[in-house]
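Before anything else, here is the set of structures, which you'll find just below.
You will see chain A twice below: alongside chain B first, and alongside chain C after that.
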Partner chain A sequence: MERTVSDRVFFHRLKINTRTRVMVFLCLAAVYLLGIFFWGLFMPERAFEVNYTDKLLPPGAGHLFGTDFMGRDMLLRSVKGLSVSMVIAFLAAGVGSVIALAAGVAAAVLGGRVDGFVNWCVDLCMGIPHLVLLILISFMLGRGERGVTAAVALTHWPELTRVVRSEVLGVRSSQYVLAAYKMGKSRLSVAWNHVIPHVLPVYVTGVILLFPHAIMHEASITFLGFGLPADKPAIGVILSESMKYIASGNWWLALFPGIMLLTAIMLFDAIGENLKKLWNPDNGNE
Partner chain B sequence: MKGMIRSALCCMLALTLTACGGAGGAGGNGKKGDEDGLICYVGHGFWDSSLDPVKGGFSYGWSFIHNALLKVQPDSSYAGDLAESYTISDDALTYTFTLKKGITFQDGSEFTAEDVVFTYETVKANQGENEKVDLSRMERIEAVDDRTVRITLSEPYSPFLDMTAQLGIVPSDGYDSEAFNERPVGTGAWKVLQYDAGQQLIVEANEDYFDGAPHIKKVTFVDMDNEAAFSNARSGQLDIVMVQPEYAREQIEGMHIEKLETMDVRNISLPCRPSMTIKAPDGKSVQVGNDVTADPAVREALNIGIDRKQIIENAFNGVGVPAYGFTDNLEWGNAPEVRDCQREEAAKLLENAGWKDADGDGIRKKGELSCSFEIYTPSDEQDRYQLAEALAEDARGLGIQIDVKQTTWDEITEASYRSGVMWGFGQFNPMVIHQLFSSETFLTAQYSNTPGYENSQVDALINEAVAAPDHDGAVKKWKEAQEIYFRDIPYLYLVNIEHCYFVSDRVDISVSTQIPHPHGHGIPVICNMKDWTIK
Partner chain C sequence: MERLKYLGKTAFRMTALLIAVSILSFLLLEASPIDPLTACIGTDSTLSDRAKAEISSHWGLDQPPVKRFAAWAGNFIRGDWGESITYKKPVKTVIGERLKYSFALMSAAWLFSGVLGYLSGIIAAVKKGRLLDRMIKGFCLTLQSAPTFWIGLLFLSLFAVRLGWFPIGLAAPMGKAAEDVTLSDRIYHMILPAFTLSVVGIGKVTLYTRQKFIEILNEEFMLYARARGESTVQMILRHGIRNTLMPAVTVQFASFSELFGGIALAETVFSYPGIGSALTAAGLGGDVPLLLGIAICSAVFVFAGNLTANLLYIVVDPRQAVWGRHF
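Then we have the complex of A and B:
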């Protein structure tokens, strides 16, 4: 982030350094995202039930985001939808990160054939266009919640595996690791005590940066009709439904859910980038 | 990592832009037709398949590129088209058609009895390619002379007349199975200029048409999705646009809306058997039945307790008429008189059958069993989903909970034996009663009698109707069969839909000569295109 000199002086006078600012931002972003997540998670379907007297109302005091063609409140539907997407993203990021950590560390520490095999898998996955791979897996598993979760979970590990592997390769040849080997430590113990702690910051940042992708991809394949069924209030479903009403001028059905999705994605991304800054000793205290 | 967010943003952009792209795309280059031409969108009816009548192209009962022996009239009775007159023998096995004179095909060759024989024999020999015209009961067809055709059936089959109205005649000399897929030659009012499957069909007037040349000289049909068609209509690029009922209240400058009568009904199958696993004829075990809808009280309560008018208002903007059975614009249609909205009577029925709301959550229960079931709707038809949701909303007032699912036809077929499905039916052929209510078709044919309805009286009446020696006798039996199955309500009829079109103010689509539209998602509007005029 670029900052002018006067900016810097201002923050300096207030004794607010980058670390503090980042922490404040992180807290706000986390509150917003977790808020939506839990609000949606515990929202009963009744909250946005059909109400035909309020069909297609534009945004206003009663309904901040307006209502859809069945009189359902769009704000509540969008929140629910985004939270459904987040659940899938958490699952996907969880599975993806475990695969990435295990494969990345194994490739770097064991080397040789294992390394070759992991690299081959990574290349294989990255060689196929991501969206096509997602659609294939989701379709094969019969679509629906199971299909889309598996597809998103199984396709997001390659990039992170690469990052982890190259980090580990760097550590592997450093003095203290070599010394540990000389002292007769096993490979597993070296990996656990020396390699993983070193790789962790990069890894955690990578995991957080996985979220926006996972959410985006879930919404995309649902939008295209290969993901969640149309009777679920998923954000992709909401967006694809809204396309039918844009021609007759009901813009709010697409705009607000779209903005909400975009905001969530950008916040996740910003959290990842800021964490990176926080963990970097060079600019953490600027 | 920067690249990741950029690609995420690109994804987002693609998401939001897809709609705009779709809207501007297909057919966007067209302007409204000129002085004697039109550009129309009438749904996706004929886009994927062959135009060849031998393979089932345009088997609707009205003529377009081809003519059949008979045709459907606005009052849904049959009249001669290529045939001048016909007689049926007393044993109902021999049909004799006398053909009209002086008719020529679009390629100039003369139409004779030989062409009829050729067409019928070709269809029978390739029955597998034509699922719309069933000639399996035709034993032989012969040309008595140039003007007379005699068809002999192997057993009496009263719906055979429907077949003769559905099968367009092709020339015996010029027929080419390959070429006729895209450039068929017939006797009809319209000649194909160009056909690109999935894109467009261009037809021009046949000036030598035996029933008088059309007023309009050239018509282009384009294929696109409904929303794109609507926005193209707005920008003034189309003359006729089929729209879903949800657009019926929109205003388009220079166009007016026409709501046309159909015989198309939306009904929901309600499984009549208790939940169980049985062996299908193909050996697989199938889960059939539903403990909630198997209770006649639940089906009856729904039939009399819901408010169809309100449901239509909510789901379809009020476009459509309440339906209780097959429509009376069909000769054989016989819907009972039902009074809607009898909430108290419905409640009483449910109470007496043991469905009570003891815990006050609004949903009735009988013991542990909650009074709820699922209705499946196809995900490519939003209007059926909306109709099912509107019904669910209404049924909640009776203490019945309906969960609406939206999925693919494959999954619907699988679930159809144990859940409700939102169906659409509308055709001239009364064999639909056999399809939906005969116990023979349960588990043996797709989309047929999914409730597992079984009533020996109905079965007997259907068989009598099929074997009836004369048309009127058959109609009587069909009507009786309907009276009986309506007491059991294996299907809940909701609405007789209306087809909505935006029509350019300069065009008159001759509403008085329109036939009631069969199930066809909009395409039947062209049934009388010959009579259309440009002001």
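Then we have the complex of A and C:
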């Protein structure tokens, strides 16, 4: 997170080190994101009912984000949409991280042909623009919810695979691992005591940093019309609907849902980056 | 010799990658439940079943996939990329027409984001830790997280609708005959989408340049230059730019993949008739030949970017050529 100079002075006077500050930030961010997630998850459809008497109201006391052309409350729709996006991102990060872990470890440990093959697959997936690949996979599954979930889940592993592979490769040939082998430790014990503790933090931050990408890509292809169907309250749907009303000056339809999306993406990003900081012994206690 | 070998290897990799991309795209499209015949004639067509069967066999839809792929690939190499269903024109013509628009858009955005990103990266590095640096950094981090299409929507509602400075969409004034459209019309219509598109890439270049420049500023030769009495501007011009320009250009070339994704979104927002909006239309209309053509073009485009980036590495740093393992 960015901090201003006065912030720093303030924290310094309180004698709060990076670790505490990061922990406080992480808790706040997690509370915000989980709050939105559960609020949206348990929100009944009634909450953003069609109500033509209130249509296209600008933001105000009754409706903080205003209402759309059917009189639906934009704040509630955005929250619901964001939590739908988060579910898809969770799925995507889950699937992507498993593929990445398996492929990355296999490439690094088995080496040779397997390594070549994994690298080639990574190159292949990264050789097509991400958005084009998303569209192709979503097209394969006949678009809709299934299409977008699969597309987002299946396209986010290449970067993480590279990271995992290079981490495992690095630790595999390091002095302390070689020394452990020489001292007669078993493969399992080396893996448990040396490899996993080294790779895990990088892997976990990698998975968390997958999140913002997954959310953004889900919103993008939904916006283009390949993702969630138009009757779902997804952020992409909201923004593509807003396109029709922007020309008549209803700016709030795009501004606020987008800010919510942006905030969520940036918070996930910041959580990942801060965890990186926290787990790095060099600057954890600054 | 090393370089020649490297080039040969690269050419081989490129062909292999392209073949794989086309097979992958073909397989993905093949597995789709969207029926090309229905996509072409529509669901409420009054054609008899027999006529439908005849069209299917004329298109070769009754053939096994491998045979169809072979036929498609053979035609593709010979220059027949098939007929677009959405636009009722040969795919090659559609892509050719639209590439002109997209190319102008992408190069404008690419140059703009590169130049502005590089300059603001230098400024941020020189002012490291100060307010200006924090502002630039915060701004870039925000831009990196902002979805392209949302930025486009905001620009649209602010500059086109509210202020009325720019047109709301399309690549030329509506209702004007194609031959009357002037260059300034085209540029006028291109500014907003190009600006939106450049916002995508600017964060990356800026942050990269900033980091690289800070490294260079901490070098011993910079300290020595300072001791010789060089001013900050002299230091930047004499030592800073030489050490950071090429890496930054390389990063910019390697960002072609995001650039291509960006045009699909930016062109959809501004209804700009480029290759990105054709991609969306092809996907939504079940237009398999066009989708395949665009997918392959995009892969070639990304590969060209990566290749240029790698070749630039060799030019800048001859040690890289010996390894040549950057693909």
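Here is the rule we go by: the second predicted complex is superposed on the first by the 255 of 286 C-alpha atoms of A that agree within 3 Å, B and C clash if a C-alpha of one lies under 4 Å from a C-alpha of the other, contacts with A are read in each partner's own complex, and residues count from 1 in each chain.
Following the convention adopted for this analysis, contacts are C-beta pairs under 8 Å (C-beta built on N, C-alpha and C of every residue); 3 or more make two chains touch, one makes a residue touch a chain.
If you're wondering where the values come from, they're calculated on a predicted model, not measured in any experiment.
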item: Which of chain B and chain C A:G225 touches, first, second, both or neither; value: both
item: Touching partner for A:S97 - first (chain B), second (chain C), both, neither; value: neither
item: Which superposed partner A:I137 touches (first chain B, second chain C, both, neither); value: second
item: Partner chain in contact with A:L209 - chain B first, chain C second, else both or neither; value: first
item: Partner chain in contact with A:M243 - chain B first, chain C second, else both or neither; value: both
item: Touching partner for A:G272 - first (chain B), second (chain C), both, neither; value: first
item: Contacts of A:T67 with chain B and chain C, given as first, second, both or neither; value: neither
item: Which superposed partner A:T155 touches (first chain B, second chain C, both, neither); value: neither
item: Contacts of A:S78 with chain B and chain C, given as first, second, both or neither; value: neither
item: Contact residues of chain A, present in both the chain B and the chain C interface; value: 212, 216, 219-220, 223, 225, 239, 243, 246-248, 254, 258, 261-262, 265-266, 269
item: Residues of chain A defined as touching chain B within the complex; value: 50, 52, 55, 69-70, 159, 205-206, 209, 212-213, 216-217, 219-220, 223, 225, 229-231, 239, 241, 243-244, 246-248, 254, 258, 261-262, 265-266, 269, 272-273, 276
item: Complex contacts: residues of chain C adjacent to chain A; value: 17, 20-21, 24-25, 28-29, 31-34, 131, 134, 137-138, 141-142, 145-150, 153-154, 156-158, 161-162, 168, 256-258, 260-261, 264-265, 268-269, 279-280, 283-284, 291, 294-295, 298-299, 301-303, 306, 327
item: In the complex, chain B residues that touch chain A; value: 1, 4-5, 8, 11-12, 14-16, 18-19, 22-23, 226-228, 230-231, 234, 246-247, 250, 313-314, 379, 382, 385-386, 389-390, 392-393, 404-407
item: In the complex with chain C, residue positions of chain A that touch it; value: 2, 4-5, 123-124, 126-132, 135-143, 212, 216, 219-220, 223-226, 239, 242-243, 246-249, 251, 254-255, 258, 261-262, 265-266, 269
